[in-house]
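In the two complexes that follow, chain A is the common piece, with chain B as its partner first and chain C second.
Our next item is the complex of A and B:
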């Protein structure tokens, strides 16, 4: 297809259509039949063309397009068709420019990884985990287990090989000291404490590979003759590996089902169910300090050996502690088997039921693998401990030995049942905190729970079943919480009721109901006690009444009350006296403060008088007081201003002016002194001027007014030389001045009582103001 | 009928005959994507854009011919998209073959200013560099 030709054709056809569209097409259609037919034919051609084009892009969207209305109604489909073309174009353009890149990481999974994955092992069948059909092997034990609560356990030792302290001595100690009965001493404690590893243990050696488990066949030991044969070979060994398989689900105290022992040449599997009482003979090997006993995780093995067989271990090496000291990633036997032997142990059998007889082949192989490789591992661990000891300058072998020694010193002790406090690993308190703290609420539920727990323990001991087999902890709590009234209630709690629980359903209901009765009785007792307390309160009231009635008794009671009152009064007085004493002290403090203040006030004037002469001091005081009065009483200024008006009227007569000036000067002493100084000579006038200058420096503009006043007065006095005239004027003016002053002041200040020095100050100010104005006038 | 209009109709029919002749390979093929096989990326892009132009152009002509105002229809937007894609293809051609310039017969429909890149002012750049050094 030629795109350019297509473009040409389409553009030209568009142009012609536009040309035709210039006319009014609907109008011409109605007028001209031929025009209408032409339009129809061309339109149909265009429509068929559109249909062709759309169908070639996306056929499903281009169906049944007949009219323009179809296109408008289905524009979404047309738009989608166009979008397909545009997206394809975008992709092609980007690819041409090289903008598309392949993803860096492919998501395909590699087949090798899938192959490397280990297939998940299915769980063991239930028969292997719990052989419920099996008769109890403990029924065939020669010595039946004693599960009684009063049972006191003692050693199973009949003789003590490789002993430092004979067995007779230890037994004698126990008899002498009664307190040791409940916690017997460890019979081999001195031997274990004094034991030392043989010297060859601290030397490097090549690990001895004993081959695969499949290459050797374990030796089954179930008769005494086989046991004696094993003992002979073990006594010739330098080291042996030991492991145990224990069962505790269908037995109250549990028992050992299997013992695996290996040396460098052979593997033995001992049937401990058959040889339970004969295995004490192994102490010849286990307590021999020249033979190293290699265990892994011997914490519980040591206990079980003592309990079931009377066996004790001297010179134990626990590979678990070696992994701890060396800092390995894993601490289990499976880790060591994988690390040194590349052997994948099937750990599903760890929880299998080892009571099964005869044992399946898989279980035998698993049991053998627990000890078959252990000596090889012990060689490797020893070499690593020795080499790292050299690096770190520590004796790592000794530290592992010490830890193993502590494990050897563990001893078996019976854990008594504690119905009151619920102590112990299986005690009711532990179980309650783990499982039922949110369900057992209230005292009644707690009593029922404790009763059921006690019942479960007694039934387990009687039936020689584990507590978990009789009634699991969760079920125990569920029953206690629901408080069943009849057997149907117990069955409705759980569909997986244990066989013994089904057997003892009636007993369970009885226990629950008895616990409820006990609780109700307790509640009733408490109520009755409360009532008794109320009854006891009444006779006390009666006694008090009788006391008040009797005359003598009344007196005694009053006396007693008076005694109490006296004691109270004494306490009150004591408190009061303390309070008042404190008050007095406070008053004394206040008085002292006041006295100090008075002293301070008295001292002030003395300090002022010392540096200055009396005249200056008085003038300064007057000035200060005047300033204070002005500040305190601004209204006085207005009064002062009113007085000069009178003076102006008087001032018209010169004689009166002179007389008024002289009269104003007379009442104050310092002014008189100044006048006397001025008259005799010019030198005295200069001295007075100096004094005035000093005052100017100290005081403000007020003194300037005084200076002008004085300077104006001096020539007038000089002009009048005759003394007689002056004398006459003084006498006459005194009388007139006295009257004027009194009346004037009374008229202007009728309500004020002012002291004399203040009056003097006012007069001085008035003179200043009036004199200034008169001079200008 | 007016002879002018009859002449226009004759020419229009001729153009449609030409278009149909060009589209014969498409008619014979099952789909446009079948025709695109075996071609280069740019040729494929051209084919797709031509196809979309054909659809929109035909719709536009149909609207005009029936007296419908096409400016109100979404066809105008689609035609604008076609123009943008044509300029895209031209730029891609320049990037792939910078020396040779492809001759486009549909150049009249494209504004030349939008297709040109802004050029660096070499004289100004040299002056700036000399000034700073």
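Our next item is the complex of A and C:
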């Protein structure tokens, strides 16, 4: 039986099940004995199935589940069991498909790693995120950052190694064309555009394992001699991995704090606070087209390199674009580390304050891990790109390099402050739409807000702090919306006012008051203008005096069914709609729907019948036969033998219970002998025949459904798959058989909804889901 | 429990490649004075007190009214509170909308509320609220959609048998401030492609001859504005004929059986 058929069957039975209101079932049970018995047998089979399922997983759980209420009460256990089963199935499927693989590099879970894992969910201590009392490192910079609004930025590079077009030529070009002054060309644009990646890149190679981070000690580079040593080694490498750590909270423009560089053997960590002016020397490596520079997510790195050191990158490979092209589900570095190295990067340190010196050991390790594995990841990605390229018949490697080229062509440009339109990422328009759309309402508030925004920007420039540090956007909006009159008002807005805002609180009040004054002036000006217009006595509206000022006067022309209106209506009315069928009234539709419902009710078949279980067979076959089935299914029997099944005993009526108990006391007959004598299927069919005869005697009108089930049991006993397709539908039979029923010609059909009494809605509402019962299934 | 309301894409996917977008082509074949044909159906929702469905070519708006019903707030109000909820379906615009009501949708709700509230006799229903839910199934141009939403909401109010002094119909016009061009009932292509920077949207009570609300954008001389307003009014009157027709039809249906 294939999946679609199974699904269809399942759908049908679900649909039919919902036709019958649950609350009405006891009523039907009492009114129709046949229905009662059917329901009983079905539910007992369900119970058997559930018990069997539970006992397969955990025997203790299957104990004394007797009726439906037990399942309700112990739902947690049932759902746990199902969870375990699903989990196991998932695992097995993964295993079979070969998705479970061992990670390529075995990183040993060191003691520090285990220690790190525990506080993973905790936030980093604040002193690591922001070292507030640190003296600003930018004060020690030899070239102080210029934060003024008029500042024109120019390249930092003084010479241009590996150049195709000499630097002097570009400088001359800029001098000739003053329009280029505001947007300088990229000095390495021709070199990047014409760069070709070396041919060895597009050859498959075995990934070179660089070992775990803990095995290699990073080399700290903070002096010029160390830098030149590093440079010598880098020049001999074919490929290097680079990453930067940046800080922009306590600086207006931001600066790079750390540069990590790795080749195949060593990891260097460069203190860029110390070597800020010397690092230009790295251009010898960075612009060398024969050395591949591997970055992950280089978008901002490229810009920071230009701004702080005058560094440019030729032949960049951005692993981020490789993950995009390969269609990975994750694009972060943490994902790649997890995938290829099974290394759990602690990404919390991304937000750490990297100005801290000396660096704590954890941060140093994090910094090192950023580039340490990157070359190994690159090897893997390269291989995958090459194999996928052959599959898709396009050069994916080239496309990654092309995307990386676009990134390395990015230019650092200063974002001018735009007081009028508020454009730019930190412009007032952006902040307003993101944070203040519900608070800044009206022109007055907007003017105050804009003035405050301007003030914040100028203070941030003066103090060399980020705008976030001076006044967070949320606070900026709150202050602008509340229009403070004096300093105390500002303090009352938030308890967490930033130190700078505290310092400048008088200024804030002044700015707000000035903006208010400006607004009032503008309003006065507009009013006087408006008065002038009024004086000119130009009518602004089309209405005549009588219409606007007089009593309500109804223009009845829109109601008249005149010829004119009718012809107009013809041009206006659409012929029909995509949604509604004209000419069919609601009642017609309802009637048709009712008829269809009736037809459905007439032949409700259970498209999906249940498989018979051993327990069911036992109860069906009554006393003697139980031994036969036990023999036929020895695997189950072995476990069941010791404890007689409780369900059947309680489920049957008293007489039967007694007899079954009696029977269980004497299962001493040699089981194996019987098994040899009669084939299990034969045994059950012969038994069923007996049963049939018995039943016929009892009630000739009744269908021998049970017997049919029994006859279908044989495949189960033989442990062959259950044949759903050939199963008979007992409810369908029930329907076809109603004619013979005692209820006369039409017969009583308990599933006929048309004749159903209305559901007791009040009782339905009363029912509540018991505690601990999950509805996620 | 997983989020069942939203359907997320597969975790592994490749973005589609689009060809270069073409220059918008004017699809307008209508006269500048002519509005799109309208289909209006009332009383389609059985569970709501009043409902209407408005369709004019690509614009499809469904609106239901519940109320007047007891106000949920405890504060006493001598007149009914009118609440409008304007929602764009995620698929209603060319750029997919989110499920959460955006600021834009909220402001549209307020605009519609302002446009239709003068027509309703709110003082007859103290301590109660009237809720109007406007669901845009498909939109074609922001201006025309807003105008259509006003007409749709007002007709649903009428369908709910809530006492009104008149019905409000919306109309919109797009104009070029630099030339004499204007377009009644502009669609999306008109809005995007014409170099027009001015627009007028208006709510109008046709039988009383009152403008309930007017929004104007772009510079415009007083004489030009009165000209455009007149155009709008003419269009709004036409729309009113359709509403009247639909109401009559609905009335006769309910009387027949």
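Side notes on the structure shown:
Simple rule for what comes next: the second predicted complex is superposed on the first by the 406 of 777 C-alpha atoms of A that agree within 3 Å, B and C clash if a C-alpha of one lies under 4 Å from a C-alpha of the other, contacts with A are read in each partner's own complex, and residues count from 1 in each chain.
Rule of thumb we're sticking to: a contact is a pair of C-beta atoms (placed from the backbone, for glycine too) under 8 Å apart; a residue touches a chain by one contact, two chains touch by 3 or more.
Predicted model, so just to flag it, every value in this text is computed and none were measured.
Of the two partner chains placed by superposition, A:196 touches none, neither chain B nor chain C. Of the two partner chains placed by the overlay, only chain B lies in contact with A:95; chain C stays clear of it.
Once the two complexes are laid over each other on the shared chain, residue contacts for A:487 go to neither chain B nor chain C.
By the touch criterion defined above, A:231 reaches neither chain B nor chain C. After overlaying the two complexes on the shared chain, residue contacts for A:3 are found with chain B alone; chain C is out of touch.
Between chain B and chain C, it is B that contacts the larger number of residues in chain A. Shared interface residues of chain A (contacting chain B in one complex, chain C in the other): none.
Every residue of chain A that touches chain C in the complex is listed here, in rising order: 327-329, 437-438, 538-543, 547, 552-556, 558-559, 565, 568-569, 571-580, 585-587, 776. Listed in rising order, the residues of chain C touching chain A in the complex are 1, 11-14, 35, 37-39, 41, 44, 46, 53, 55-57, 60, 103, 165, 206-209, 211, 222-223, 225-226, 229-230, 233, 237-242, 244-245, 253, 257. The touching residues of chain B, counted against chain A in their complex, run 1, 5-6, 8-9, 11-13, 15-16, 18-20, 22-23, 25-27, 29-33, 35-36, 40-42, 44-68, 73-74, 78, 81, 85, 88-89, 92, 95-96, 105-106, 109. Chain A meets chain B in the complex at residues 1-14, 16-21, 23-26, 28, 32, 34-35, 38-39, 42-43, 45-47, 49-50, 52-54, 56-57, 59, 68, 71-72, 75, 78-79, 81-82, 85-86, 88-89, 92-93, 95-97.
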